[in-house]
Amino acid sequence: MAAILIAGFLFTQGADNEFYFFASYVVLQGLVMAVAWNILGGFAGYVNFGSAGFFGAGVYTSIVLNKAFALPLPLLIVASGCVCGLLGLATGVLTLRLKGIYFAIATLAIAIMLETVASNWEYVGGAAGTFVLQPTEFFVFDSYIELLFMVMLSLSILAMIVARYLSSSKIGHGLSAIRDDELAAECMGVPTLRLKLVSAVTMGALMGMAGAPYPFFVTFIDPISAFSLLIAVNAIAMPMIGGTAAWYGPVIGALVLGLVQEISTVTISSELNLLIVGVMLVGFITLAPQGIVGLARKLWLKKRSP
Amino acid sequence: MPLLEVRDLTKSFGGFVALNGIELHLDPGERLGLIGPNGSGKTTLINCISGALFNDKGTVVFEGRDITKLPAYKRARLGIARSFQIPRPFKSMTVLENLCIPLEYAAWKRVDHRRIDDEAMEILDLIGLSDKAQDNSSALTQIELRKLDLARALAAKPALLVSDEAMAGLSGTEVDEILDILMMLNGRGLAVIMIEHIMRAVVRFSERIIVLDAGKKIAEGVPDDVMRDPKEERAYLGE
Amino acid sequence: MFSAELVINAVVTGVLLGGFYAAVALGLSITFGQLDIVNIAHPTFVIFGSYVAYIVNENFGLDPVLAGIAFAPAFFLLGMALYRVYYVCFERTGQESLSGLTFFFGLMFIIEVFLILFYGVDYRLVSAPYIGKTWHLGFIDFPLRMTVPFVVAIVMTGGVFLYLSKTYMGRAIQAVSQDRLALQLMGADPIKVKQIALGIAIATAAVAGALLIIIQPVEPSVGRLYIGRVFAIVVLGGMGSIGGTLVAALMIGVIESFIATFYGPSWAPAVGYGILLITLAIRPQGIFGRA
């Protein structure tokens, strides 16, 4: 992991073309969202449709705190993480006791309600949106974008470490048991509600943290872009395409889908890009439900036993 | 002190009274058979004891503690384990991993954390599934699934094991296999409540039998007495 | 502020709106209530229906309601095909909860993007002789652009209710969620029954879509605003109860109308979701559902 961080740093020093940093930021942001989504979706089996809600809440927390107190970015990230972690807790407490579908709809509900609130809130610009200034200090980097890239890279690594730890630990086993058969898990001593809440909080916090730097990346935010459906769809599509069973599945999915999207946005058009995401998602779900990881495993098994 | 005491247990689903004032007690290490026609409330009673359901009235006392309001996972930690009428393995895990769950959770305080895998293998040896340890649990046969369910319940290191129709749908020799396993487990100090329809198994196994019908206890006693009681026959065959 | 005139008009508007909402929720009530299929894309199918009605109305001048009814059979076939895919990919393998759900989410996204690609994000409307006219009954206003859809919606809801309770296939549909085996013993193929059920559900979306575009201008993302309302209605009304769906729809319509009248229309979408969350927290089986 440290190697990746160092490699990223060297990259910023070496490369000149700013476009790579823009593109990489977007892909890495998707990665954080995907890994976070998978903690509750893939590990525990509870689908979150409202990832945009957590992301957007992180965005707006960042905007509000920046406007009110001019806090530096790291604090904004931590604050967004806390706020969205609490949001995950609240959502979970309300709905994780019920069947998975109710949780899924509740997440969608919360996303839309948050968007409505943001649209009506004058302090952050309401529906018209607000401008955000990029700070002028870049420390050791050549531009602010390179700084943001490093920030997102660090968040990605954090997300991966968290996901990897969760999946191989006792908590991860418990989550798998919940996903396989919640009633049996409960009877085997797994505190199902508690573990689900832990997942929800972790997921929420990571998504909020992914959202915190976004205002500085785009410099202009309005509720529609902050709570964009594309973010929610990507957060689901990347893990499902990559494979939800392993912690690295979403990483693969994010890299693949992220790259495809960046390429198609530049070469074809951004609307067609949306269609590609949707089609890939549905395609993989129907034809390869275990994702790329699953396909790879099947091929591997076939090779071993002729 | 009795291991388990159920007093005046009542449970309704909407207007339907599934259990009506059930009284039950179980001593440590005892073998209790629970029989009755379909729909008499046997599984509901087990669900209320294990915590999968909460009763409306009455109390459940385990090892002197009132557990009526405790959620299922806490009861599992205290030492109540169960198998299911239709086996419910964790399908994405291997047989061994299936056992690690109760060892890591329900039995956490009763187990050496560094030896979880070894403990799991020991239990598989005991039950007779050790050669399947690395196989995915969804690839097992009917009787292997039953054994896995029992092994998993055993991995919770319980004081009480409830076996819910573990022999349903099995052949004659398979029934004997399961029976032997249950006797062996009881021999190690486990109290067992056996719900079964296969009469010869219940009679051979139980020290005491309780008969349920339409949510009420209609007979209780040693197998010979209960088998001869006309009430029990009527419950099964009708008037 | 709370003049009697304003209140009564708010109630009337709410009832008219609620009746229409029932039409939108009807399809979901069938799929979610009877088939246990969580078609989160249902509102998007309704929007699709709106666009179909728009295209027909724009190019052929046909009345939108008639357009909706004319295309209902096509939507019926679409629903049947949809069930086939769903069954083969998800129900058979037991993956409904995660993958099935996501499947419909992806479908919703694809349909929305498709519409954006072809028609952009501009609002579309239809023209019909009764849009813009209003009946007056004393001080009570009955805008025809809402009254006509209300009538059609009630008729359709009533029709579906009768179909489900009186016909053989209708009762089979009700039975398939409760006892698959009994159904098979009766000689009905559960898969075929479910196919027809989903077909009917999507067919109602065609009509509901036509009604929607009469009531208000439509653009592709409007569907998402309806997800909350529709699920709120189905959950509040109780799973599988058409009557419950109607009552819940009317309730939500009236509440929304009040909020819009006295607090401003921009809060109206939040009402549905808010009610949904509250219902889930307090009484998840809804008003008419069984505990």
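In order of appearance the chains are A, B and C, and numbering begins at 1 in each one.
Everything that follows uses one rule, which is that a contact is a pair of C-beta atoms (placed from the backbone, for glycine too) under 8 Å apart; a residue touches a chain by one contact, two chains touch by 3 or more.
A quick note: this is a predicted structure, and the numbers were derived from the prediction, not measured.
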Highest contact count belongs to chain pair A-C
Relative to chain C, the most remote chain by C-alpha centroid is chain B
For the pair chain B and chain C, the C-alpha centroid-to-centroid distance in angstrom is 46
When centres are defined as mean Cα positions, the distance from chain A to chain B in whole Å is 43
Dist(centroid_CA(chain A), centroid_CA(chain C)) in Å evaluates to 31
Shared-interface residues of chain B (touching two or more other chains) are none
Within the complex, chain C is touched by chain A residues 41, 45, 47, 49, 94-95, 98, 100-102, 104-106, 108-110, 112-113, 116, 119-120, 229, 233, 236-237, 240, 244, 271-272, 274-275, 277-279, 281-282, 285-286, 289
Chain B residues touching chain A in their complex are 50-52, 71-74, 76-77, 81-82, 84, 88-93, 97, 100-102, 104-108, 152, 155-156
In the complex, the residues of chain A that touch chain B are 170, 173-174, 176-177, 179-181, 183-193, 245
Listed in rising order, the residues of chain C that touch chain A in the complex are 38, 40, 85, 89, 93, 95, 97-99, 101-103, 105-107, 109-110, 112-114, 116-117, 221, 224-225, 227-228, 231, 235, 266-267, 269-270, 273-274, 276-277, 280-281, 284
